[in-house]
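Two complexes, one shared chain (subunit A), two partners (subunit B, subunit C).
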Partner chain A sequence: MGLKYIQPAPGFKEYLPKDYVDLIDFGPFGKEVDVQYMGQYKEILEEHPMCAGCWMAYFVRVFYASLPNPEDTIVIGTAGCARLALSQAAVPFIYGNYGDTNAVASGLTRALNIRFPDKNKDVVVVAGDGGLMDIGFSMTLHSWFRKEKFTTIMVDNEVYGNTGGQESGMSPKGVQLKMAPKGKKFEKIPATELAKLAGCVYVVKIAPTNIKRVAKVIKRAVLAARHFGPTFIHAYTSCNIEYSIPTEEVLKDAREREKKDFGFEEYMTDEVREYFEEIEKKEKEAKAKK
Partner chain B sequence: MYYVARVDEEKCATYKCKQCTLFCPEANTLMFDDDRNTAWVNEPRCKGCALCVYVCSDLLKRDCIEMVMVTAED
Partner chain C sequence: MPEQKVVDTDYLLLEAPREKKFITGAQAMAEAVKRANVDMAIAYPITPQSEVMHLVGDLYAQGYLKDYYRAEEEYGTMSAIAGASRGGVRVFTATSGPGLLRGIEAIASWPGHRIPAVLGVLTRVVNAPLSIQPDNIELAYLLHSGIILLHAENQQDVFDMTLAAFAISEMVDVYIPVAVATEGFFVTHAKGYVNMTPEDMKLPPRDPYKAPVPVTDCEVPPARIQRDAPVQKSNFMSYLIHAVWQQEVWASNMRAMKYIYKYLGGPIEVVNPEAEVFVVASGCAAAQGREAVRYAQQEGLNVGLVKIKSIRPFPAKEVREALKNAKAVIIPEHNIEGWLSKEVKAAIPNSGIVTDGPRVYGGMTLPVELIMEEIYKSLGVKGKQRVVI
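Then we have the complex of A and B:
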């Protein structure tokens, strides 16, 4: 990781695949590209096998476009849909065993701190609701209790999508799924409440409908994790297959869910709030100068 | 045969809104060309979901994108 690894050795550039060269010439490495320019530069995410019109795939796209320092970031994923795209980007990706992501991320974050004590290296877990709140529940919660400094992002499609539609702890009460034909009998797990109780310093619940806001919270979550402690984003990323949403209506569904039960929530400790105020003030001043 | 999105570039250039490029789930697919002022689709990467049509037609009422069938030769 680091900018030096992205630049090809002298004389080699002309032999590299076009997509790689485009990434060097028109990619976001080493500069801050606002998420609003998506579609106007070479994004670090490549082609991947996630389904057509998948809102989780969309979230992964925005996620990579929002990282404050992609060249110094390691992404950890696991079994589940998101890793199909997460692993197809020009950012180091580690496949944590299912349920183990937050244990892997804990060790990695500590190791990076020892190896690069004077540099910022960001670790971000992106995994499904099953991976983080069911099978990985204890690893997730304990990483928060231990105040491990990395970001956890739960891409919540309210089902085990990758394995064909089993009910998850995050499925809403009453919902009928292919492998939960009688309807779910229990409430959705209050993940953000658990995160706050367990000691996360920055917690967000969001339905990705407003790209600027998504980018802002991803950046904030990564920066707060660098300096203060665990951070958590709970994102609604529907499964159009298991929930039978026509692909062209996936955004409409997200907007409806946002109004109904996925309204934007952002929590942070006082310390984190002061930090954001300070850096965002500095950014504004720098912009004004330009 | 593939089902892909196609932009009416002349019409799109009258708006220059770039909104569709922010909602395509695929990266490096629905692009904006600054010189010609229009969105355009990198067709081999398009998965045919029609989300961009929803944004352009249903939300913005601009109707600049339509879904078309293309064959490998196109």
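Then we have the complex of A and C:
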């Protein structure tokens, strides 16, 4: 059904909230929207209670603008900062229990596959470093080992932001945070390496400094997950509060980290590469015809 | 696998012909799953549950189920069950003792998430020192979760309750999960006679659109399911929304009672309703209580049994009515804490008539003699009148 379920029944539209009607008339459903036109159409995510200057909030907004099929997408999150925005977006969202995103997504993806074997129903996990690499570690890794066909996006702010700034497994070594009063004793967990070892077919590490590139990898991750297996994006989405980054320097910080330890990395299996080449070639041809 | 035809729920549960088989409790649970039109099951091993999910795995291999996998551990299992159920399919899993406790964060959230699922609970010890033996202390942890909890006395109950559980959990005015519990080993690994419905009949499939809350499949409006998530608003809104939602969960739990009457003959069974002394028990302890009542009758003692089949919803009214003329109540249990005793005492106006026990735990059997001792004490019977047991 997809797009159809978003459309109100005839005669009912005038009674719906304006916000909803605007989404139908001016939103991204059933259209190709380019991320560079964000702000010029009704976006899936608008209001949210995240902190001023939060890079993660911006990333989540870009994420929704990049979905290839928002009308048939379900997002799954867990406790943490990102869900504050995810839960207010105009795409169905499941907030399960602590760190269980990839188990919930496994069950949901399989159920949708049973019920709609001929349709693309995209399941995307968006969760933090604590949710995916600490409390949910085994469920994250095992969903990859099992080759579950959905996308996992880790919005890594290197801290438990929502609970008040505690050390996570993804905090850099030496950083002093709550629950690491003498500084963190060990390195960041090598999440993308684990993802490759565990069988993800498409793995990206990115500091989101270039939104066109962010949009491209999100779209690729979702498409590859549909057909081939688990995909993973590790995105640096700084916490300007706990790491005391002045709001106006958040982008500068992301660029610095990109140079230092968050350089863009994109891994894919050969069959995924061939698939992208094929669809991207077709897209170019279609554009050329226009 | 025989071709299965879908039959009406009421017909299958109440009228369909039955055939008697001599099978274990684990087999009885799997046989119910076979007839329940289950789409998907998720398994994780733990003794004494494993047997059930092995058999359900065999059903998948034969084509009765559309999907089945062995999960990473129980928290992952229970979370994936929630995900699959939200996706609109009929799901089943089973666990035991420590596995139940490992999964309980997710299980306790199922009712609030309005997950119609069926959970087999094959009880065992949960506390240290470790033991794999039957003890039903774990059921105490389920009492406050909002889940419907049925407690099976024997293999027949396991079959009947499991099959009915699928129907009850998906009723629109219920729509919360149902746990079917029985004692590990004593029931799961022992054989008993079970009257079963024909193998070639199954329940109608789950209709995911017959639901009080929408499934998450991008087919049901509105598109914006959580746009105004309560936890993001003021604390007041958060309190209020949680409060009314949980009230509805517990009201749903109570509304299951009429289906327990319809499909399981009611939440309690009373033997010898005019008795002076009652044994009140659930699960395996009810089987021993039944034996004690038989012995007592042979000795000319006026003793009855109240078997409690439904622990949640708890049949307080029915228990009160059944015990209104009782002079003494004896509550044998397979756990140290006596959770059933607390429930019964809270339900009757004269809790002083209740004897707390006998209780066995750690996996011990519950000899009928222990119950008889309490019967003699409560009736003031001494020495000689005892028959040889």
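Here, the second predicted complex is superposed on the first by the 287 of 290 C-alpha atoms of A that agree within 3 Å, B and C clash if a C-alpha of one lies under 4 Å from a C-alpha of the other, contacts with A are read in each partner's own complex, and residues count from 1 in each chain.
Rule of thumb we're sticking to: contacts are C-beta pairs under 8 Å (C-beta built on N, C-alpha and C of every residue); 3 or more make two chains touch, one makes a residue touch a chain.
Everything quoted here is computed from the prediction, not taken from an experiment.
Once chain A of one complex is fitted onto chain A of the other, the partner contacts of A:R115 are limited to subunit C, with no touch recorded for subunit B. Residue contacts after overlaying the shared chain place A:A105 against subunit C, while subunit B stays out of touching range. Contacts of A:N97 after superposition: subunit C is touched, whereas subunit B is not reached. In the superposed model, A:G165 makes contact with neither subunit B nor subunit C. In the overlay built on the shared chain, the residue A:S87 is in contact with subunit C alone; subunit B does not reach it. When the two structures are aligned on the shared chain, A:Y58 is found in touch with subunit B, with no touch to subunit C. When the two complexes are overlaid, the chain among subunit B and subunit C that reaches more residues of subunit A is C.
Using the contact criterion defined above for the overlaid structures, shared-chain residue A:H142 touches subunit C, although it does not reach subunit B. By the document's definition of touching, neither partner reaches A:P68: not subunit B, not subunit C. Applying the stated contact rule after C-alpha superposition, one finds that A:M38 touches subunit B and leaves subunit C untouched. Taken together, the two complexes place no residue of subunit A in contact with both subunit B and subunit C.
Within the complex formed with subunit A, the subunit C residues making contact are 39-40, 42, 66-67, 69, 71-73, 75-77, 79-89, 91, 105-106, 109, 113, 208, 216-229, 231-232. Note for the complex: subunit A touches subunit C at residues 1-2, 5-6, 8, 20, 23, 29, 49, 71-74, 76, 84, 87-98, 100, 103-116, 121, 138-139, 142, 146.
Those residues of subunit A lying in contact with subunit B across their complex are 35-36, 38-40, 42-47, 50-55, 57-58, 61, 64-65, 211, 247-252. By the touch criterion stated above, subunit B contacts subunit A in their complex at residues 18, 21-28, 30-32, 34, 39, 45, 47-51, 53-55, 58.
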